[in-house]
Every structure is written in C-alpha cells, then in structure tokens.
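Both of the next two complexes hold chain A, though its partner changes from chain B to chain C.
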Partner chain A sequence: MIFSLLVYAAPHSHQGAETAYRFAVACLAQGHSIHRVFFYGDGVHGATALAAPPQDEPNLPARWQALAQTHKLDLVVCIAAAVRRGLLDANEARRYEKPGHNLQQDFELSGLGQLAEAAIVSDRLITFGA
Partner chain B sequence: MTLHTLNRAPSNTALLADCLRACSSGDTLLLIEDGVYCALAGQPIAWPAGVTLCALAADVAARGLDSRLASNIAQADDAGFVQLCCEHTRVISWY
Partner chain C sequence: MSTNKRFLIISRRPPYGSSHARDALDTALTTAVFEQPVSMLFLDDGVYQLLQAQQPAGIQQKNLGATLSALPMYDIDQLYVCDSALRSRGLGPDDCLLPVQLLDSNAIAQLIRNHDVVLSF
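And then the complex of A and B:
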C-alpha cells in the first residue's frame, strides 16, 4: 500500500513529530511504500539542520534524513510555512538576503501542490497533528 | 469504515465530543499520545456503540498506564497502527 504522511507537529512541542517518525519506520518494516512525507505548519521545525538536542534525546531531523537515505524517501517541507519560521535552504537565504541557511540535507522546500499530489497518488494520507 | 485517531487527553472535552460524534458503528478509534488517558478505567466517557477501541501500546507504556486501562480497550503496537490504517478505507486524525 502507498502511504503519505502529513506532519503538523514540531519536535519537542508535540509528540506527534515523533509518532510520525515511528509510524514511518513501522510502515516501511511491513513493506509498504511511503510516497511523500510533507511537513506543514510548525511541523517544518522537524527539518532544521541546527537542532542540537541532548545526546540521549532523539534528533528527529537527523533520523528522518537517515531514513530517507535508506529508503529514498521524499521529504518535502512547505516553503511558505518554512521561510516565515526562519527555515531556509541556500536559495531562499539568497532571495531574502539572510546570513545562513538551515534546511537539513535530503529535505526539500516546495509548495502545497506536493501535498495535493501526495493525497491523490497515495492509498492513505495520515495526518500527525500538533 | 473509518479509523479515527485521537491524541489529546480527555480534559480536552470539546475535541473528545467532536470525535465521538463523528464515530459510526463499525469504525475504530485508536487513542494515541495523550489520548491514551481516555483509555483509563473509570473514565466517565460514553463510548459510542459498535466502535472498536484501542490504544497505542508504546504511548500507554511511556505513561505507565499498562495495568490501569479499561477492560474494553485493546492495545495496538506501531505495526498494528499501520495495519489498522490498511484495514480502514479512511483515516481521520483528531488533534
């Protein structure tokens, strides 16, 4: 079955950010495919490369990246939600003349069309709320 | 048949009421995150008839509620969560 995940929850604010990751792992372990993980609203904080949680706590952006590399996941971050929260890739940093960029590797900034497409293509779209 | 997930404690009465109103006979309600507090024995919750109730096992264990769940509530692990999503044609998240 083809799944897509919609993540509204930010790490360290809501458990939903972690639940989404656990769900993705369980999903892949059962042989299902994940078409896309879409980070929206405060969920975009799950894609920052600058998070530095204590070593005995999960670093979700790093975990997603590792999972994406193993399973070729499409990790998409809503660009409008991201830039207004200070989550930028190199392009956006240039466009807005900001001193740095912080999008974790293997994540991509894109538009809501990617969410619509995921909803159409996937058998199930599972929302992880804040 | 719809799978509903609920991730808030029963103190969020408006959300719980909305969720329960939307549950039809044959649906399943999976309690996740702080939603597992709804599964405690003795909660004054009028569960709708014909709705299967379960709680996410890792979230129950994380809160130390294993021995305190109501008898009508089963536990599902993360793999079971995925299976429930497959078995139901729709999944609605209440949060």
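And then the complex of A and C:
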C-alpha cells in the first residue's frame, strides 16, 4: 500500500511527531511504500538542523534524514509554515536576507500542493498531531 | 494525476488562538486548485470560524471570515456544520457568513464514509 504522512505535531511538544516517525519505520518494515512525508504547522520544527536535544533523547530531524537516505523518502516541509517560523533553506535565507539557514539535509521546502498531490496518489494519508 | 478523490476537510478549532483553522482553510483552497472536489465540516469550536463580523484586527490577526467567504469562488460550496456544536454555543445557521448544511452525528458519520480523503485540523 502507498502511504503518505502529514506531520502537524512539533517534536518535544507533542508525541505525534515521534509517533509519525515510528509509523514510517513500521510501514517500511512491513513492505509498504511511503510516497511523501509532509511537515505542516508546528510540525515544520521537525526539520530543523539546529535541534540539540539531550543525548538520551531522540533527534528527530536526524532520524528522518537517516530514514530518508536509506529508503529514498520524500520529506517535504510546507514553505509558508516554515519561513514564518524561521525555518529556512539557503534560498529562502537569501531571499529574506537572513543571517543563516537551518533546514536539515534531505528535507525540501515546497508548497501545500505537495500535500494535495500526496493525498491524491496515496492509498492512505495519515495525520499526526493535528 | 487525473484521478479525482473526494476530500473532506474537518475543522475543529476556533478561528484564532492557534494556526489550525487557517491551515485547514489553506489546505481546502489548495486542494480545490488541484481540481479535487472538496467539502468542509465544522465541528466543536470550529463553528466559531463561521461567525459574521469577525474583528481580529485587535489581536493583529487577519480576518479568517474574509477567506472563508472566498470558498464558493473555489467551488467549495459543500459546507457542513455539526448541528449540536452550533446550538450548544447559542448559535444558529443565521449567524453563519455562508450557507451551511446542518448535520447530526449519524449524518456526520455518513459524510465521513462518503469521502476518500479526510483531513482533520
């Protein structure tokens, strides 16, 4: 089955952010495919390269990145939700003349259309934390 | 991407105080641009989004009601409201800024069953 995930929960504030990751791992382990993981609302904080949790707590952006590299996942972050919360890639940092950028590698900023497309082509779209 | 899926966007949060209502609305509008049939269902405090004469300028927020008024222009005219959510807040269909269809809980269950993609905010 083709799944897509909508992550609305912010890491550390809500368990949903962690649950989404665990769901993705379980999906892939059972032989399903994941068309896209879309980060929206406060969920965009799950894509920051600057998160520095204590060593005995999971670093979700790093985990997503590792999972993406192993399984060629499409990790898309809503660009409108991201830039207003200070989550920028190099392009947006330049556009808004900001002193740095902090989007974790293997994540991509894009529009809400990527969520609509994911819902259309996937058998299931599962929301975490809305 | 020619397949059409019936989308139901469920909005359960008040218009201000969190980004949920705005995000639900943006998702509905974007999905409609992708030429998918979109319905919206307002539950719980989400019914407050439909109130006329919202004045959020005092809290430096954009008027969500103004965006909601644009829904019919995007062919989103199937707007459903939980009847008991509306009435338990002392409101009625006349308080809503757009024509809405009132549903009881059985009809809501049926509505959800009748859609392919259900997104809840």
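Please note the rule applied: the second predicted complex is superposed on the first by the 129 of 130 C-alpha atoms of A that agree within 3 Å, B and C clash if a C-alpha of one lies under 4 Å from a C-alpha of the other, contacts with A are read in each partner's own complex, and residues count from 1 in each chain.
We adopt the following convention: contacts are C-beta pairs under 8 Å (C-beta built on N, C-alpha and C of every residue); 3 or more make two chains touch, one makes a residue touch a chain.
Keep in mind it's a predicted model, so treat the numbers as computed, not measured.
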Room on chain A for both chain B and chain C (clash or fit): fit
Superposed model, angle subtended at chain A by chain C and chain B (C-alpha, nearest 10 degrees): 60
Partner chain in contact with A:L115 - chain B first, chain C second, else both or neither: second
Partner chain in contact with A:T127 - chain B first, chain C second, else both or neither: both
Contacts of A:A90 with chain B and chain C, given as first, second, both or neither: neither
First (chain B), second (chain C), both or neither touched by A:A26: first
First, second, both or neither for A:A66, with chain B first and chain C second: neither
First, second, both or neither for A:G41, with chain B first and chain C second: second
Touched partner set for A:L50, first chain B, second chain C, both or neither: neither
Nearest-approach distance, in Å, of chain C Cα atoms to those of chain B in the combined model: 5
On chain A, the residue positions that both chain B and chain C contact, one per complex: 8, 125, 127, 130
Touching residues (chain side chain A, partner chain C) in the complex: 6, 8, 40-42, 80-81, 111-113, 115-117, 119-121, 125, 127, 130
Of all residues in chain B, those that touch chain A in their complex: 7, 32-34, 56, 58-59, 77-79, 81-83, 85-86, 91, 93-95
Touching residues on chain A, where the partner in the complex is chain B: 1, 3, 8, 14-16, 19, 22-23, 25-27, 29-30, 32, 124-130
For the chain C and chain A complex, residues of the former touching the latter: 1, 3, 5, 7, 19-20, 23, 26-27, 30-31, 33-34, 36, 117, 119-121
